[in-house]
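In what follows, chain A forms one complex with chain B and a second complex with chain C.
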Partner chain A sequence: MHVTVDVKGEDTYELELEAVAGAAADGEATGDPADATPTYADLLREVELSPHEVSVLVDGRPVPEDQPVESDHVTVLRLIKGG
Partner chain B sequence: MIVLPADTRETILERAREGDPDEICGVLGGEYEPDGKSRVHSQYPTENVAETPRTRYEIDPEEQLAIFERLENRGEEIVGFYHSHPRGPPRPSATDEAQATWPDRSYVIVSLEPLVIGSWRWRTESDGQFERERVGGD
Partner chain C sequence: MDCNRCNEEAVMHAAYSGAHLCEDHFRESVEKRVRRRVRRDDLVPHDATPENPQTWVIGLSGGKDSVVLTRILHDTFAEDPRIELVGLTIHEGIEGYRDKSVEACVELCEDLEIRHELVSYEEEFGVRMDDVVEDDPENMAACAYCGVFRRDLLSKYAEELEADLLLTGHNLDDEAQTALMNVLEGDVEQMAKHFDASLGPLSEREEQDEFVPRAKPLRDVPEKEVALYAHVDDLPAHITECPHASEAYRGEIQQLLYDLEENHPGTRHSILSGYEELATIAAEKYAGDDGADLQECVECGSTTTRDVCRKCSLLEALV
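Let's look at the complex of A and B:
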């Protein structure tokens, strides 16, 4: 599946989910690459962002980063917070 | 440098006073230059959804996205953000440094005690640090 990752205020990335799955499996000590289901956290890794610094939204709503990718368009927002 | 028009500055200051003792926050839209002169055209107030709003601020991602879309529809860019420090300090706190995530954007801080409005860019060349910038008027 082709996925568009729109990092607001920065770049838009066009990714192939199958390639993300392979990269995610390569990064793990165990697991069969064929069974690897990329998560939103895997997408973030591909665009060199950490779940600690961003929120992932689908259709304008936040989604948990550990969920498998089910949408072909993902919006990434850097968090705005402090003290 | 960031150009912050006098009426925007006054509006933000008034929000900070009305929000006291809680911190207030918002988004700045306009012309964004990573290293040059950014110009603020509009300010977009947001709710502070932090659990402890007297000492923290946080903008809800859904509200953040809605504002970004409004701002882009008006032909503006994301210049940066603002928040208040009701009891100071008149500079980024340790929490601000630990939680900053927007490289090269302006973080405007309204301190009420002492009364100072300053702005800093978040630079990520090394480990990440705030770099003070000049605040100009229109």
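Let's look at the complex of A and C:
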């Protein structure tokens, strides 16, 4: 699946979920690549963001980052520092 | 993915606890942590009564942290005649940035029917941060000047408003960063000061007649969750970063903590809880040292360890 990751106010990334799945499986000591379903956290890792510095929205609704990606369009809001 | 506590869809996952929570249970969880911190830090003294209410001044910048803090404290104490909340906003003179967040503060305080006070660097000191960064006589980062001026005005107005407590919206990430910075700098005396200034339970802090005590009730809540709370509660938090923000060392520590938290969930919590214990021990060791060399600034009369306080010497350099 083709996924658009829109980091608000910054860049938009076009990712192939299969490629993200491969990278996620490579990064883990165990697990069969065929079973690896990339999560929103895996997408964030691909665009070099930490889940602790952003919120991930799908259709305007926050999603838990450990969940498998089910949408082809993901919005990422970076946390605003300060007060 | 369902919420762990009901059948609603989860909106968040906290890796440090394993919890998946829906909007309502997430909000409840944040509020519970803030109220537990208020209790643990003994913020409501036993002698507070409706006839002798406590004034709590909240440093309200209009950003997500202070807006969420104000909202939760309001919801907790709106019906409690022992506590009166006041929002205190400081305008630093940053074009196009602070104007909008002041609007967020005004809107929030009107909604919640909380008294709101607005003060500015320009009226108080005759300077604006936009000009300070241009001038930069001390060759420092903008935050170094701004922090000195902000702390001075927060203290001054907390006193003028006869505050019993000055509350700020520092979250878990902020405090874990500060803790780690103090550890890495080897500054044990600073840990003791941190305990007496804002970390320790009020009943255990060394008496400091010169300053209004401070508290940080959001410090158990990760920054990401504060932002999520503001989002799901649709709070009028201002969402622009300060154009002058530049704290290089803190940024480095922040990145380090993101990486650690990713591989070892719960690191921020354990850093802060260990640090609080160390700070308690440090405060006992340094007890009595504080205040010995405090005096009044010859220029403005504020409490300082020098003849002329840091704020006055910076203002002197700027003019």
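Criterion: the second predicted complex is superposed on the first by the 80 of 83 C-alpha atoms of A that agree within 3 Å, B and C clash if a C-alpha of one lies under 4 Å from a C-alpha of the other, contacts with A are read in each partner's own complex, and residues count from 1 in each chain.
Assume a contact is a pair of C-beta atoms (placed from the backbone, for glycine too) under 8 Å apart; a residue touches a chain by one contact, two chains touch by 3 or more.
Everything numeric here is computed off the predicted structure, so don't read it as measured data.
Residue contacts after overlaying the shared chain place A:Ser55 against chain B and chain C alike. With both structures placed on the common chain, the touch criterion links A:Ile80 to chain B and to chain C. When both complexes are overlaid on chain A, the residue A:Asp66 reaches chain C alone and has no touch with chain B. 53-55, 61-62, 77, 79-83 are the residues of chain A that lie in the contact sets of both chain B and chain C, per the superposition on chain A.
On the chain B side of its complex with chain A, the touching residues are 23, 25, 27, 50, 55-59, 61-62, 64-66, 68, 77-78, 81, 83, 92-96, 98-102, 105, 107. On the side of chain C, the complex with chain A involves touching residues 1, 10-13, 15, 20, 59, 61-66, 101, 169, 173, 222-224, 227-228, 231-232, 238-242, 245, 257-259, 261-262.
Interface residues of chain A facing chain B in the complex, by the touch rule stated above, are 8-9, 53-55, 57, 60-62, 75, 77-83.
Residues of chain A that touch chain C in their complex: 50-55, 61-67, 77, 79-83.
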